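One structure below.
Every chain is named by a letter (A, B, C and D) in the order it is written, and numbering of its residues begins at 1.
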Amino acid sequence: MLNVGVIGYGYWGPNIVRNFSSLDGARVVAVCDRNQNSLRQAARAFPAVRPTDDCNEIVAAPDIDAVAVITPVSTHYELAKKALQNGKHVFVEKPFTASVAQAEELIEIAERKALKIMVDHTFLFTGAVKKMKQLIDDDMLGELYYYDSTRVNLGIFQHDVNVIWDLAPHDFSVMDYLVPQRPSAVAACGKAHFNGLEDMAYITVHLGGNMIAHFNVNWLSPVKIRSTLIGGEKKMLIWNDVDADEKLKVYDKGVEIVNNEGIYDLLVSYRWGDVWVPRVDQVEALRLEADCFLDCIVNDKTPVNDGHAGLRVVKLLDACNVSLRNGGRLVTI
Amino acid sequence: MLNVGVIGYGYWGPNIVRNFSSLDGARVVAVCDRNQNSLRQAARAFPAVRPTDDCNEIVAAPDIDAVAVITPVSTHYELAKKALQNGKHVFVEKPFTASVAQAEELIEIAERKALKIMVDHTFLFTGAVKKMKQLIDDDMLGELYYYDSTRVNLGIFQHDVNVIWDLAPHDFSVMDYLVPQRPSAVAACGKAHFNGLEDMAYITVHLGGNMIAHFNVNWLSPVKIRSTLIGGEKKMLIWNDVDADEKLKVYDKGVEIVNNEGIYDLLVSYRWGDVWVPRVDQVEALRLEADCFLDCIVNDKTPVNDGHAGLRVVKLLDACNVSLRNGGRLVTI
Amino acid sequence: MLNVGVIGYGYWGPNIVRNFSSLDGARVVAVCDRNQNSLRQAARAFPAVRPTDDCNEIVAAPDIDAVAVITPVSTHYELAKKALQNGKHVFVEKPFTASVAQAEELIEIAERKALKIMVDHTFLFTGAVKKMKQLIDDDMLGELYYYDSTRVNLGIFQHDVNVIWDLAPHDFSVMDYLVPQRPSAVAACGKAHFNGLEDMAYITVHLGGNMIAHFNVNWLSPVKIRSTLIGGEKKMLIWNDVDADEKLKVYDKGVEIVNNEGIYDLLVSYRWGDVWVPRVDQVEALRLEADCFLDCIVNDKTPVNDGHAGLRVVKLLDACNVSLRNGGRLVTI
Amino acid sequence: MLNVGVIGYGYWGPNIVRNFSSLDGARVVAVCDRNQNSLRQAARAFPAVRPTDDCNEIVAAPDIDAVAVITPVSTHYELAKKALQNGKHVFVEKPFTASVAQAEELIEIAERKALKIMVDHTFLFTGAVKKMKQLIDDDMLGELYYYDSTRVNLGIFQHDVNVIWDLAPHDFSVMDYLVPQRPSAVAACGKAHFNGLEDMAYITVHLGGNMIAHFNVNWLSPVKIRSTLIGGEKKMLIWNDVDADEKLKVYDKGVEIVNNEGIYDLLVSYRWGDVWVPRVDQVEALRLEADCFLDCIVNDKTPVNDGHAGLRVVKLLDACNVSLRNGGRLVTI
């Protein structure tokens, strides 16, 4: 039985407690939050859990095996470091850390002490992303041309990070998981209309093999759009996360240059075939992720969303900030 | 009665001939194309029109008052110049010219000879764009925050221009018409996967007053998306051009910083109100545009899509090319 | 403080317990189910609630003021009757009873003993239905022409009732609430493809004032459709319950006979105006309904979904069965 | 070369003239309409065609081989009869005739004189219907359970026929083509809100093999819906004719009774698989239909939409009228 302590019981914390509580091999023994109202809600919803407003009662508790850090990003490093130093495995909310150096240090400590780090890249455990991973691994899309992501809505303004650090970790982690090519350079531009933090931004990531990725993130959109287009040589697909029934559509469409000696119209051939909407698994992603964390600890496995995956996302976020501060200049990774 | 000669009878030319023919005050007297098959089709569809494969029989014909240049952009300058020099008004397909200098010279000739130039920015004459213009002019959106446009589909690859020069003129001309702020700088990046011409690109335009515009153009998308989000202080809207019935939706949604001294959650106020789908005029835009061209000639008016509007679009396109060739660097307009 | 006992902890029971538990003025003191596994789940989710498999421990418990009957319809009458006879207010799952006589008897007992009956017509408490009620009461739609409802999906087959008794109570209760005209006759036809109970059916209800209503209910549809069209003289509307953001659309569209002396085309006038998507309240309907039940008991009010409303729905269901057994014959109400 | 004469140049006539004109093996030699304005439009659009306001100049013209009757249904019988008696093949707008007897007489004349009748059931030549025909013929859907059609919008009110005779012929002809079972009985109900002709109606058709069909036709709907659900044992499909890109969706969904001895939940098995959107042919249906008419005449073939198909549709329409006049009573075919 894995004993879990959870730090942070705000928007996302309750889901973490609920899912770790639902596992046969784990239980949540303590929850920490500085907000007394949040603690009262935790106590009411989970009477068996020990509430505390002192994080040291989590990171240093003898009866706790693993700590979930579900707090603002600025606190991740310090809390995760304490937990690791006390011999706890850590589950850290995305983004992993506020800087590349912090992520590298946490990875180093965990590896030295043979502890597990999992970064909460929840989307990797959704049915749609797992199906896309399978399609790409099976080479159904062929050579990849582009990855084009839009994640916008009238969002909850964050007060410590800009829209890139809030929304892009979802998409960076999915791209990192799906696309074999590695980022070589990043450019980002955005605008802050209210509190000095960018509330909308556009990010371009150049990858190996002539591939390009683009991310549109926006807290100021009247509609909620969460869609990703992936264009490949053999097939193209759309992942529309707000569509309840048809989250994934695979298009047998494409373009071929039949004869690239000339430049005339007739030499381009278009393919317009069927569309396929594969059934995707509807199990709650966070439940599968919690289960994976438990399995990695018990059976000494490495999760796909380990500290290194978290670090790769932080490197992209960090490069975005450098580019933002330099007028959208291309920043080499 | 305005006598019109049309040069170019490919994809778009038949629509031009049909619409100018349908006006009470105009008639198409001659059509020119180098392709004999196209000429035969013109002769069958419009028996009263004189077919020719020599453009001089149009630009220099004594019985022709106005010339429509519906040819690839590389030929616009030469054909329009000849027509103007022969005292003809000109209607030029978008984009106006292949360079800023060409556009400026054509404007100069036309003004000197008191002739009209109209650039075929057809979208300005659609019901949706006219309605948006009215909403913005009436200050219903308040201060504008952003203009975010997507125009993608499995497109007809062009062989003389990249996807920016093919698709972005539509959106640049609409933004130019709707948004009072003027562009100050442009950045563009894209990829060419086939014939050396970019088949997908992302463009950012910085405008006065902290406003930003972004354009996603792509010939390699499995789905056809033509949508524009405009975010304003008071209201936000979507123009979805592929929706037959609800092309325009106006959202009474927004964000206000109630108290900008602090940075805490409670100080941001969200507004979630009704949505309004205004009825938009369904008359064929090209017909209204042809009618406007006639009216401007007969009554000596200046169209909104005159040579200067065409030039402003060409300046943006030109800056995109400079940015593309310089790794996405920001290019001042 | 109202003490509530809940009988039936299957699919819907947990929502009932959760919502009554969340009210300040009520608490759930006991839950009854014959299924031990369901009882264990209730005990785990609501540790403070007394579990029992004997319904008499609910209907006759001295500390219980109101009983929620969330069981199959065949048991409603007996359980509600016992509860009423023991002086408990009752909240009964839809449909109210299995027959008209049962409903009438329960109403009679409740009125004699000054007890409240509420039938769980949850949809009456949704934001969309409340907004439609307001629009119709304000005469925004004008004279009503028709009510056309579709409620289909690959549904959970019931084993005690056909698709009409399962799905149509939702729509009958909404129509009963919204439409001032009263039903005069009903016709129903359907097919049973599997277990002898109709899995799809079409129902026509004739109402006063030349109005007609139609209901399409189907457990065998590959897609989930829950939409209702209401046509009126002044305006028309769609209630699309599966649309997360635009549940209600009001169309300024219509037809007028300008001159009904002749029968020529020009004398019909069509109106194509704007569409309006009113914001609707997003509060959980069942919570509002539970709150209303409490309020009616405490303050001696009559809910819209009282026993008489439940009876009107049962009369329609009963007429459907008669029509089904007589080849779709029109049955007078 | 087949010489065609067209009677009726109103809403649909121009499409008939255009499509027959575009065939290599046919030409339109004459057009008849009583409305002089329509004749002028025909003359302008098709200068080579002989205009006339006397239908005898079509049905009796020595140079005409086939007559297209594109007039109101009340005139079909007389015009088609004259044409057949003069030895012309006939192409008749749907519905074929105003009565069963008329249809039977026309078929008899045509067969006696070895002439072709084609009824303009255009939908049979669309890519979507042809694809559905193939799927059903290949037994991909398995045993058919139901056919559920909705064809509603703010329609053009007809002045000679009710909404059933206007809209249902489309759907009756498609069902007749796709579904192997034959209708055994029909029930219809509707309402006339304006000019005494039903402007909305619901039709139920009982077919062999426990199959049922239902048709919702309405001229008073604020939205345009043209969708048909077909439920089968193995697969289910939706034909959504207003969706430009995904007209046909095939669902690998269904229900199976695993063990029909009992009536418990667990014995029903649900299948939720992939969705498949087959590419459908985009060629104009009317062009293919015109081509088929020509082919049938030249090569002495029988079209699927021959007089007998037209008669079957008229029998359904006629039964609808009988049912309408008898309070929705089931009428045996």
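To be clear about the criterion, a contact is a pair of C-beta atoms (placed from the backbone, for glycine too) under 8 Å apart; a residue touches a chain by one contact, two chains touch by 3 or more.
Everything numeric here is computed off the predicted structure, so don't read it as measured data.
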Fraction-based call for subunit B against subunit A, same above half, different below: same
Duplicate of the B-C contact set - from A-D, A-B or C-D, the pair where over half of the pairs recur: A-D
Most distant chain from subunit C, judged by the mean position of its C-alpha atoms: B
Centre-of-Cα separation between subunit C and subunit A, whole angstrom: 42
Multi-partner residues of subunit D (each touching 2 or more other chains): 223, 249, 272
For the subunit D and subunit A complex, residues of the former touching the latter: 246, 249, 252, 272-279
Subunit D - residues contacting subunit B, complex: 47, 223-224, 242, 244-245
Touch list for subunit C against partner subunit D, complex: 145-146, 148, 150, 152, 154, 156-157, 159, 187, 189-191, 193-195, 200, 202, 204, 210-212, 214, 216, 218-223, 229, 231, 236-238, 249, 251, 253-255, 257, 260, 263-265, 268, 270, 272, 327-330
